[in-house]
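You will see two complexes here that share subunit A, one where it goes with subunit B and one where it goes with subunit C.
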Partner chain A sequence: MATSPATILRNPRQWLGQLPLAFAVAVVAYAIIDGGYIVTVVGFALIYAVFVAGLNIFMGYAGQTSFGQNAFAAIGGYASAVLTATYGWPPLAGIVAGMAGAVVCALLIGMPTLRLKGHYLAMGTLAIGLIVYEIAVEWQSVTNGYMGISGIPPLGIGSWELESDRAQLIFLAIVTALSLWATWRLRQSRFGRALVALSGSEDAARALGINVGRTKLIAFVISAMFASLAGSLLVHIVGFISPEMIGMNMVILAFTMLYVGGIGTTTGPLIGAVVIGLLPEVFRGLKDYQDLVYGTALILILIYAPGGIASLGRLAPKRRAAR
Partner chain B sequence: MTTAPILEVRGLSARYGEVVALRDAELTMREGEFVAVLGPNGAGKSTLMRSIIGLANATGTVRFRGAALKRDPAAVAAAGIALVPEGRGIFGPMSVAENLQLGAYMIGGRGPDYERRLARVLHLFPRLKERLDQVAGSMSGGEQQMLAVGRALMADPKLILLDEPSLGLAPKVTAEILESLALLNREGLSVLLVEQKAPLALKLAGRAYVVSNGRISAEIDPKEITSHGDLARYYFA
Partner chain C sequence: MLDPVFLAQTILNGLSVGCIYGLIGIGFCVIYNASGIVNFAQGAFVMMGGMITHVLMQQHLPLIPSALLAIIVVALAGVVIERIVVRPLWDRKATMFVMILATLAAQIVIERLTLMLVGDQPKSIAVFTDLPPIKLAGVAIGYQTLWIMGTSLVLIAALGLFFQKTLVGRAMRACAINREAAALQGIVVSRMLAMSFALSAALGAIAGILVTPTQFTAFNVGTPFAISGFIAAIVGGFGRPFGAFLGGLLLGLAQALAVFGLGSGLKNMAALSVLLIFLFLRPSGILGSAK
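So, the complex of A and B:
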């Protein structure tokens, strides 16, 4: 049953719960209307929101850990860069090829790696990210090493290209909205319930007939597709790719966004990406103290909203039941 | 009238690392029977359950309605065996409705069959009907146990295995849940109940097995047990 606006306004838990999403949407809308530097900041945040939405499927819904999602962003990013800049493919074809490559790699990597659990899985996936980073550095004939690949065309179809920052941002906002919608639909599906079940208890999930190994693998593959899409979007927006763009820093940033936004929630990836994207800009005036205040802000958010900003509604006092 | 065997366990053994938790278990259940598995804490009762449905690393054979069961919980569930695990195993962050939907995972999406199963469970446990949208983890222990049993019933099993359903529950709530099981058993559902509280189980079961030190040490007729002394004799035999 849909909740009416009047009901939402009467219940502080409801409107507080919607507030972070409204803020994130307002920031995106402001950037589209205002233009200027904030378009770049919000554009990066939206690309990361897509990346984190995928990570959320594997970590938030399925309860697994992956420190290696940057590997799939690298596959998508480099596939798009090489195929469009070197071979003249259209961007859309490059994105699809990158995602197909990410699916194949996720299947090949996931089958042995997902037998691991807990910290071992975390270490296994971390190794994948590091290996792909090293390949990006060493395979100079294709990736151009640390120098990277430049001259990557902007997004577009045929002769129509998204050249203005504002047009690119609108496109990114649409892709992000579709990504979040897809993760929401996935969470509501039979497969989504199976994911959450195995995150609660693998044995209990097995006893219900859920094929735990296959379910984890599919989640890993879907998550890799999102990462690959984000990697492709990144290179087409920036027009350049180098190993530094898809290194461990990407994973750390995505983890921060996921936990600050709200792991396991549908809107958390967007909220986290926008908040974490904006924080350095907000604190830029503090100069030398910028990192200190940024770190303190993150700690405070995680202490006072341990479920992430998307779950702020839970912090409001419960309404008393009518007598 | 003697019915056909629904479950035959032969030479079932299981170990956790070096520790043998179950040794050469032999057990037979007939269609429509209510059988209890009794024994002290750590005797191997839960391992027996886990071995039957393929969750434990076990050797030996388990036959269901005459056919050998694979060591695959999904195949066991598809065959018609549902487990209510020790500690309930409900999915706390999900709603009651979602937990019940997961119980019917093997039949896929919602349909007439699903609605029929749901109506049956909600009729059996009306308290769940009032809490369908509630987060399962926020319910009382008794309600969670009702949900665990209800979720297992959503699979429309022919045989239900229950591992210590009375654990941590008030006697009144336990009695309510076990009474529901007795009702289902009268309707034809076969029940295998693992329970530490032997008097509770013996009130409902037609037969009981005693597990001690990883072995099935005795098969008993509940009518023969009239005192704690009788039971202790089997436990420490």
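So, the complex of A and C:
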């Protein structure tokens, strides 16, 4: 299920599987060198890669379900927006405050919610995502409702701001690389093995001495931190936040990226985010049919390639052998 | 401050929309019982029911044939979704989550196709009986409310007969209790799956047709209805069709009272809170889970 770069490199036949990653990295590099319009597109994709990487820990590694990750992106996004735009905090402090808030909320939400299983868990998390959306709309005095909050400063430390698009993109690329590296380290750790164990069978994991409840909760909190970070980055790059940015469509888009890239793989989130992020740019006429194409693509991938692009190279030789 | 007539009116309206939630909730249960699948495209059926009826009536077709035609078309659409989305995943033994995601994606596809075909303007259909509401001790009872409640009760009775007396209905119940054992009795479980999608889509369509005159319909009304229907099903004890109807009434009531007491901005929040309360405190619902 999970593939580390190390095991892939040991088997030359699986090098093919690294092609999508090479493509994604090449796109990011091209955007950094080229500058221009593509920077916006790739920057957006990288932010989503961070979000999806967090989702991947909870869903790919631990095999759980969360339809409500947008709640934590909202917490990060609104914390950053309100603290920097309204109270004049430095961006970094806003991001940290948002992540701290997300951790507290994830603990409080996770404790009752993660006891649920199957479609109950799906629905419970979906409800949480929708409730946070409703709060963002209704809590006018803080969130400014549908109008949203604008005038959010760009990222920076002290007086030094990441003003140019290119500098921002390089920063996002570093954050994304660190995020993916962190998820990979996490997967390799004792904790990561515990997650994969409980995704296979909770009873078996419990028999091995894994505290299933606590392990799931920690995974949920970690993925909430990633979501919060992504939310903060998003509002700083765009300079604006409104409830629509953190609604249900964020979750659906993230799921599509996760499945296209390959759920449970380390590099899948980046690949999925770049491929899905580029789609509407490559096919210009597609813009009007964007959601239609995403939906159809998602169905086809779920049916015919449940492992996503990252797994295609791995699947190809196996299939040939099977025939 | 507290106006009893207004309160009674609120309760009546809550129960009326609760019937709609209940019918959608039953749709969830019918599919879940036959297959263990939670079909998140349920809301699309509701939207299609109202929308197709609207489009047909635009072509100067009278209400009854339009509605019947819409129900048939939506039931067929249910079978199509079952064939091209659910069945391939079912055959590949996809996980519960993948199934939810795929049906959700199917809902999005239907929504977007509808948007392309009819545009984003809200549409409505005329009330079935265009007479002034009946006044009962100051409470206005609209004919559409009577239509909704009457049709719902007739449908409940018909469903009861269907599940008790007919071979197909009893086969569906057998699948709900134990699919393997049902298969060993010669019941073609996969055919039950297709039939349950048709039945549940038809129920959704009827709910959509009934509710459209009181509100409006647009390409994106499906999701809120699906969520309400799902909450109704959870409150009733998932997999219990009549529990789901009861759950729908309860949800409609809770929502109406929340709007009455706290303002209309909290309508969705009230529904979601009902869901979370039941999930956390009594996930098996008021009647207890079917399994």
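Worth pointing out:
Criterion: the second predicted complex is superposed on the first by the 283 of 323 C-alpha atoms of A that agree within 3 Å, B and C clash if a C-alpha of one lies under 4 Å from a C-alpha of the other, contacts with A are read in each partner's own complex, and residues count from 1 in each chain.
Please note the rule applied: a contact is a pair of C-beta atoms (placed from the backbone, for glycine too) under 8 Å apart; a residue touches a chain by one contact, two chains touch by 3 or more.
All values derive from a computational prediction rather than experimental measurement.
In the overlay built on the shared chain, the residue A:Ile157 is in contact with neither subunit B nor subunit C. Of the two partner chains placed by superposition, A:Val282 touches none, neither subunit B nor subunit C. With both structures placed on the common chain, the touch criterion links A:Met147 to neither subunit B nor subunit C. Applying the stated contact rule after C-alpha superposition, one finds that A:Val104 touches neither subunit B nor subunit C. In the superposition on chain A, the chain among subunit B and subunit C reaching more residues of subunit A is C. When the two structures are aligned on the shared chain, A:Leu178 is found in touch with neither subunit B nor subunit C. Of the two partner chains placed by the overlay, only subunit B lies in contact with A:Ala197; subunit C stays clear of it. Looking at the shared chain after the overlay, A:Ala26 reaches neither subunit B nor subunit C.
Residues of subunit A touching subunit C in their complex: 59, 65, 112-113, 116, 118-120, 122-124, 126-128, 130-131, 134-135, 137-138, 248, 252, 255, 259, 288-289, 291-292, 294-296, 298-299, 302-303, 306.
Residue ranges of subunit C in contact with subunit A, taken from their complex: 38, 85, 88-89, 92, 94, 96-98, 100-102, 104-106, 108-109, 111-113, 116, 223, 227, 230, 234, 238, 265-266, 268-269, 272-273, 275-276, 279-280, 283. Residues 50, 53-55, 73-74, 77-78, 82-83, 85, 89-94, 98, 101-103, 105-106, 108-109, 151, 155 of subunit B are the ones that touch subunit A when the two sit in their complex. Those residues of subunit A that touch subunit B in the complex are listed here as 190, 193-194, 196-197, 200-201, 203-204, 206-211, 264.
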